[in-house]
Amino acid sequence: MLQNVIIICLGMISVAMVLNLLRLFKGPDLPDRVLALDTLYINAIALIVLMGMLLRSSLYFEAALLIAVMGFVGTVAVAKYLLHGDIIE
Amino acid sequence: MESAIEWLVAALLLLGSLFALIGSFGLYKLPDFYMRLHGPTKATTLGVGSLVLASVLYFSAEGEVGLHELLITLFLFMTAPTSASMLAKAAMQVHVQRVERTKGQPWEQ
Amino acid sequence: MELLYALTLGVLTMSGVYLLLRARTFPVVVGLTLISYAVNLFLFAMGRLHTGKPAVLAEAAEYADPLPQALVLTAIVIGFAMTAFALVLALRGQGELESDHVDGRRKS
Amino acid sequence: MTVKSWFPHPWLSLLLLVVWQLLMNGVSAGSLIMGAVLGLLIPILTHLFWPDPPRVHRPLVFMGFGFRVLSDILMANFEVAKLILGPSRRLQPAFVVYPLDLRHEFSISLLATTVSLTPGTVSADVSQDHRSLLIHGLDVPDERELINTIKQRYEKPLMEVFECSRT
Amino acid sequence: MTLALIVLLPLICVFLPLLADRKGRSLCALATMLAPVLGLVLLWSQAPTVFDGGVVVQSWSWIERLGLNISFRLDGLSFLFALLILGIGILVIIYARYYLSKNDPMGRFFSFLLLFMAAMLGVVLSENLLLMMFFWELTSLSSFLLIGYWSHSSDARKGARMALVITGGGGLALLAGVLLLGQVVGSYELSVVLASGDGIREHALYPVILVLVLLGVFTKSAQFPFHFWLPHAMAAPTPVSAYLHSATMVKAGVFLLARLYPALSDTDLWFFLVSVTGMATLLLGACTALFQHDLKGLLAYSTISHLGLITLLFGLDTQLAAVAAVFHIINHATFKASLFMAAGIIDHETGTRDMRRINGLWKYMPHTATLAMVAASAMAGVPLLNGFLSKEMFFTETLQQHQFGNYSWIVPLVAVLAGLFSVAYSLRFIHDVFFNGKPVNLPKFPPHEPSRYMKIPVEILVGLCLLVGLLPGFTVAALLAVAASATLGGDLPEYSLAIWHGFNLPLAMSFVALMLGVMIYFGRRQLLGWYVHLPQLDAKNTFERFIQRLVNLAAGFILRIEAVSLQRYLLWMLLSALLVSGYWLLQLPSLRGTVPMTQVDGATLTCALLLMAAAAATAIWHRRRLVSLVMLSVVGLFVALAFARFSAPDLALTQLSVESVTIILMMLALFFLPRTTPVESSTWGRGRDLLIAGLTGALVTVLCLAVLTRPYDSIAGFFLANSLTGGGGTNVVNVILVDFRGFDTMGEITVLAIAGAAIYALIKGLRLSRPVTDTAERVWAQDTHPFMLVNLSRLILPLALMVSMYIFLRGHNLPGGGFIAGLITAVALILQYIASGNAWTRARWGIDYHHLAGAGVVIAGLTGVGSWLFGYPFLTSAFDHFAIPLVGEIELATAMLFDLGVYLTVVGATLLILSNLGKLSITAVREPQ
Amino acid sequence: MGHLPILPILLPMFTGALLLLSGRRGEGFKRLLCLLATLLQIPLALMLMGQAGDGLQVYAAGNWMPPFGIVLVVDHLSALLLMVTAILATAAVIYAIRGDDHLGPNFHALFQFQLMGINGAFLTGDLFNLFVFFEILLIASYALLLHGNGSARVRSGIHYVLLNLFGSALFLIAVGTLYGVVGTLNMADLSQRIAQLSAEDAPLVGAAAMLLLVVFGLKAAVFPLYFWLPRAYAAATPPVAALFAIMTKVGIYSILRVYTQIFGETAGPLAYLAESWLWPVALLTLVLGTIGALAAGTLNGLVAYLLVVSVGTLLAGLSLGSHEALVGSLYYLVHSTWICGALFLLAGVISRCRGPRFVSRLVPGPALPKPMLLGGLFFVAAISVIGLPPLSGFLGKLLLLRSAGTGMEAAWLYPLLLGSGLIVIIAGSRAGSSLFWRTDPAASGGEPLDGIRVVSVILLLLCSPLLVVFADPMLDYLDATARQLLDPASYAQQVLNSQPTAGGGGH
């Protein structure tokens, strides 16, 4: 049963990702796109966690962890760019 | 696997995925940037949170007791607000459109 | 799956090559990055596509081919170094030639 | 060499120790020793980057705060989910300027984080003088109520935990 | 050894004049003479053998597989030439000692001269044809230097270049001919080549060889249509002309004709080519000579004409003609060298060579005039002088030949015509210069006799002309006999060197030529008047213009095909790749192999579609660079997911961490670059690019699909089997990286370290203008250190370090490793830069990242070298398990130390790159114009 | 256990890393270190050349035997090229330490890393490792090319870098495909496995091999991939340009290695698959390089095109494929590398003496100091590079022409090679007479002549007569080299049969 649930969940996350990407394409402003990217990262974490369960492997944990630790760096960089131009002043 | 845990895991999974989906839906649907900013918080908090919990339970039931998945949520809790704030600041800097009925003003830096 | 994978690489490569043929440094570097993604995926796929068989030894009977993965790792790192260099070179071009045209032309 | 320079962030060290156990996915003698070593070494290495660490005065209150936030997150999630799924026309978004009582940078950011984590509100900015917080709410029928809620539920406990000496 | 010494002596002594130059001019000349005098002695020591009809061959093997031996040959022909080269060489040296002015660097002149002498001796004495080619081209090169000796004069430079290009180019043709000849014969040794004449003539390649060889000969000997370089080579100092352009260099061509006569001649093609060229040259040279106002120009064209005569003789189908040719070589050398010297004296004393100004010199320099008149008479073929004898033989032979069938009469006619012109120009030389009124406007006036010693060489040469003319039998007969027999490569035909052969047709021809020549001279004014109206073809300028045209054409062509355009280069490259690989892919029997494809699942399909969409969006929105960049990071994320999806957690980790660093990097760069890309290419151009891009994409797809659906048998099993036992780790990918293929990783971190150092070098001194407004044309926010970010960054640093420690330590057994750990650390540190600024961070973290990167490489390298201590090759790993109380069993592997090196390098290089890029905006800001 | 084979890689690596570590102080020390490390390469290379006589030296990094581990293979060819590189690099360093190294930071470190990359590329017996070393030498070369900056360098640098980045991508695709079909990376193993390839898979491997050819062709600068070279090399600082003379040879080396040893006679349907393409490409390169040389407006540009000419020439020789042709090409390779290097250095010396206004542009400029010396050097270099006797270029061309036989190939090669020689004579004599003879008395010159720089030129130029004098032993060596190259089966066997080092401890 669990396998099926996981697959359903994967489907939901996929739909979520599609929505993210639609927002990403639509914009209209850069912050919107970056926000969509950020959300995409979070959905990716979800996807990886689900995948780990589906495959019964804990080897994917670090990937999720890494997104959590480092995924926001890109967002922050773009945001700071919009704010201040040079992100390391 | 004991079926109670199995059910619990399944529920958590569905809950998490659902919230992740709702978050993304919000992101897609809501009319202005600042409102859209609220969508992903669902995904980060309850969405990923429940999934992680499900994963912890699932692997514990499989015999690999461990809580390390919780770290994902820990880090997300730390980083997500920051990126949200940074994005909001950026949005204010570039004066993105917002729906007219919004009360209050983003302040000028 | 294999067909899907190959098609994805094709689109990646196509986008990358199209960007590569632009006349400004930044799109070209972005294009090269896309191409290097495609290449990394390509090289990786040379160990064939496996689901759920990471090459971390346990009791499993079968593992993915670890060698292409190691090669891709090397390639990613090298690609990173090269992208960084190309970007800084683009900056140098901007500073020295006052243009970001790949041929250093001021006006197009 | 004072104790402080050898042990600059006791709470951080503890946090690191715990995180290490989590990372190792279990507690063992080896992981405890390693965690302790890292918990000591890393703060020494990095304390220059964190010159002004917070002082925790009432850890228990802090834990209580933590649980409250978690449960609030849970509840708020459902509420906001309803808002999102409902027609967005009815939503009443608002920017709210929240006056801060907290003074310490860390506690302010903790509050801001909390505000952001509870769905429905996002802390958008902290004023330059660190006296007020700009909050965006998804659906704010009443600003005053929002401010009060935050004051009572979050800022107060944080005040107790981190800044009781000052108040 | 003797022969080699003759050639080598001048070469060895090349530097003597340079050294002696400072000690005085006479000493310099004496030092120069050392080599030829010794050479002459050595040559003379071989004379008995040669005059007995013997051939001296001395050889040392050098490059056997090339058939190139150091072998020399002395027979009659080479003896004759060596004698001329050395003898006239000595005279020229004496002459030049007095000719060169004090301003001319004499040492340089003489060393060039010696170099030339060596080359020339080499040509005539070589037994090996390839060896001869060495010297052959060396004569062109050294003559280039000699002609261009007065390099300040444009004429000299152009003349020298022209001579080099023509003779050097001819030399290349000759080289091809010689190479082919050698391949046909199987050896480059003359003895073999000369003996296999029949084989050569019958070979299919014979015409090719002949034409190539003749090209070399004709260019060198200034034969029509390659004659034009010679008059312009007159810009050289006169001793050079006297030496090179009368006696030696131009004779190298005819020498070769003589040398290869037995091997190549005796076919219709040979007779036709050689004789027609000779005739054309003979006539053209003689005619043109008459109209020259320049003293040396007249002599130059006369030389051309005489060389044509010699060539013609070699091209006549009688054996005696070759004898006559050899004889004329001797005679021409003596009278022409002395004439050049006389012309040089006149030039030297009057300051001009223009015959319209030099008149009536008899009055001022009777001694020189006498000498010049005798020599000029020899040139004209006046009886009792040597020129007469060979000319008589020439006339005889023109009458003997029948090679043009019914038109054979043309040859004697041409001979007579040329003869009468030669009489006319000789007369002009004598009459115009020494008589014909008074000098006009001489730069140096009044002229007087040169110094005693300057005339000695002329006297000796003129004396020889007289002696040979009067007593041929006692003087030249023996030499001629051996030389001619060497040329013919067999017995000599009957001939007589008597002055008087009775009244016969040749004598009549001589007489007619003499009479008509005198008449033409007296009608010269009309002729000159007629000549100036002819279209003037200045060979030098034409040649220069031709070369310039060639250069311009080349430049235009290069600009066209190389058009400084990266897009063009990339297109070439893509097209090449498509072409060559497409060629093979089209031969694939089937695109899909035998392995069935696996099932697609929904999530993967979605992700793949999203990946494609994002990739396409990156390209579509490339004009809005920030948007494109955001799309790019989406692609990066999905790539990481793909790695995870297909069982490569290590790769997913790496991709993710590289991704974040790349984004930061691009943002940093984008700050200084324009934010948008202008539209530059036409629709057609874009369509073309799209097509190429599509084809490349298709190539990758086809390759990928074809490989994925085929079975393969790889070496992977070994790694899986030996990872734990041999490398001590369960994460096979990591064990491959740090152990099985640790050497790759060693290289990879070196690349990183280099990139760091390189980028540092690139950024240093870079000045960029900083945009003052943001993307929406508003001023930037003042809040440089966002509150939330600052606080987060401080908390996240220790935690991230922890995580990176974790990733580092587990790498050997589980996904992770030094590289990813390094990137996490780097990102955590970079976050400090982003949050709190460069100055703040730098004040707290004073490490020079160069050191970090360098130390990383050194640690990794030393780990590798460490295995030498145990007698193992570089990077051999060792690991063991240790039991530690409380902690339990831990594994220590040298691979971890290696990984530490990786870690440090990654941190060092990444920060070196990023922090320096970040520094740009403070250190090197230039306000926009 | 002899660790000699790996030293040519490790020595510059450690030196480079130490130079990075030594910080900004002690420039004198850096120069000395760099010079010493480079000089040491010469005896190393000579010892390896000596050892090459005893058969292949296989050095397994990490003691993992081929085909699983990475091996370094020293054969005649790689040892020879190490020696060529060492001598060239020594001259370049000698030139550089007189001031060119200070035009930008990190010169010596980058120089050493460049050497590491080049030497590694010559030594490695593994295809992917070859890629890694390519990248090392490339990234170092990017930096070195841009050393000193300036708009011309940056402009051509952008082209060079971006083209090569794409080249690297192609390289990976090719290597990947080879691995995906054949399942191995070791060149010897590849050669054995390709020999048994099914007809079904052969075209795939063929396509991959041809992609590799494009990559190597880009490095080797063949038509139509050489267009970046002339401008880039002409803009580089002299010691860098001189060192780069070997870079094109790395490409050629790789072509030689891959297409004789992997796709040599044993490769069944894929045997000699590159040669039919190489022949016209080589001739076109030769022709276009010649035209470029004629059109060049600076001495540096001229030399850069001469490098292209030399590439065309020796590639033509290689694609003839015979033993004799191989010997000739290798001889020409050695010669042209050194002489082009010398010419680049000489152009640098001349530019400095003429000052920044004239540099090496072929227009009348100020009179040069010591015209006899400089002119003599130029004359010798020009003779050598044009291929006139008595210097090495002539011998090289002789060998090549002779090996073309008398057939169709000769009909193409003779006129093109000799015609190119003639055009280069024209170009060379024009350049020489502009630089040394046509002086402009009004123009003021640049720096005085620097003796040490001239020494570096002389050092390289001396190689040319030495190559002639010692042609016979040299050709003996090349003979053995060619024999080794044309016997891929024995190469594969020797590499794959090498034994691990046994001993206590370790795995």
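Letters are used for the chains, namely A, B, C, D, E and F, taken in the order the chains are written, and counting of residues starts over at 1 for each.
In this section, a residue touches a chain if its C-beta (ideal position, glycine included) is under 8 Å from a C-beta of that chain, and two chains touch if they have at least 3 such contacts.
Chain identities (UniProt): A = Multisubunit potassium/proton antiporter, PhaF subunit; B = Multisubunit potassium/proton antiporter, PhaG subunit; C = Multisubunit potassium/proton antiporter, PhaC subunit; D = Multisubunit potassium/proton antiporter, PhaE subunit; F = Multisubunit potassium/proton antiporter, PhaD subunit.
Predicted model, so just to flag it, every value in this text is computed and none were measured.
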Starting at chain D, find the fewest moves between touching chains needed to arrive at chain F.
2
Other chains in touch with both chain B and chain C:
A, E
Using only alpha carbons, which chain's centroid is the nearest to the whole structure's centroid?
F
Among the chains, which is located farthest from chain E on the basis of C-alpha centroids?
D
Looking at chain pairs B-E and D-E, which one is connected by more C-beta pairs in contact?
D-E
Measuring from the mean C-alpha position of chain A to the mean C-alpha position of chain B, what distance in angstrom results?
10
Whole-Å gap separating chain B and chain D, where each centre is the average of the chain's CA atoms
16
Let me have the rounded angstrom distance from the C-alpha centre of chain B over to the C-alpha centre of chain F, please.
57
For the pair chain C and chain F, the C-alpha centroid-to-centroid distance in angstrom is 28
Indicate the residues of chain F shared as contacts by at least two other chains.
128, 132, 135, 139, 142-143, 146, 149, 155, 158-159, 162, 166, 173, 177, 179-180, 185
Counting only residues that touch at least two other chains, what does the list for chain D look like?
19, 23-25, 112-113, 123, 125
Residues of chain B touching 2+ other chains?
23, 25, 37, 39, 44, 64, 66, 68, 71, 75, 78-82, 85-86, 89, 93-94
Which pairs of chains touch each other in this structure?
A-B, A-C, A-E, B-D, B-E, C-E, C-F, D-E, E-F
Give the list of chain A residues in touch with chain C in this complex.
54-57, 59
Note: in the complex, chain F contacts chain C through residues 128, 132, 135, 139, 142-143, 146, 149-151, 154-155, 157-159, 161-162, 165-166, 168-169, 172-173, 175-177, 179-180, 185
Residue numbers on chain A that touch chain E, as the complex places them:
7, 10-11, 13-15, 17-18, 21, 24-25, 27, 30, 33-34, 37, 40-41, 44, 47-48, 51, 59-60, 62-63, 65-67, 69-71, 73-74, 76-78, 80-89
The chain E residues in contact with chain C across the complex are 564-567, 570-571, 574, 597-600, 604-605, 608, 611-612, 615-616, 618-619, 622, 625, 628-629, 632, 635-636, 639, 642-643, 645-651, 654-655, 658, 661-662, 665-666, 669-670, 672-674, 677-678, 680-681, 689-690, 692-694, 696-705, 707-709, 712, 714-716, 719-720, 723-724, 730-733, 736-737, 740-741, 744-745, 748-749, 751-752, 754-755, 758-759, 762-763, 766-768, 813-815, 819, 906, 909, 913, 917, 920, 924
Touching chain D in the complex, chain B uses residues 19, 22-23, 25-26, 29-32, 34-35, 37-39, 41-42, 44-46, 49, 64-68, 70-71, 74, 77-78, 80-82, 84-85, 88-89, 92, 98-99, 101-107
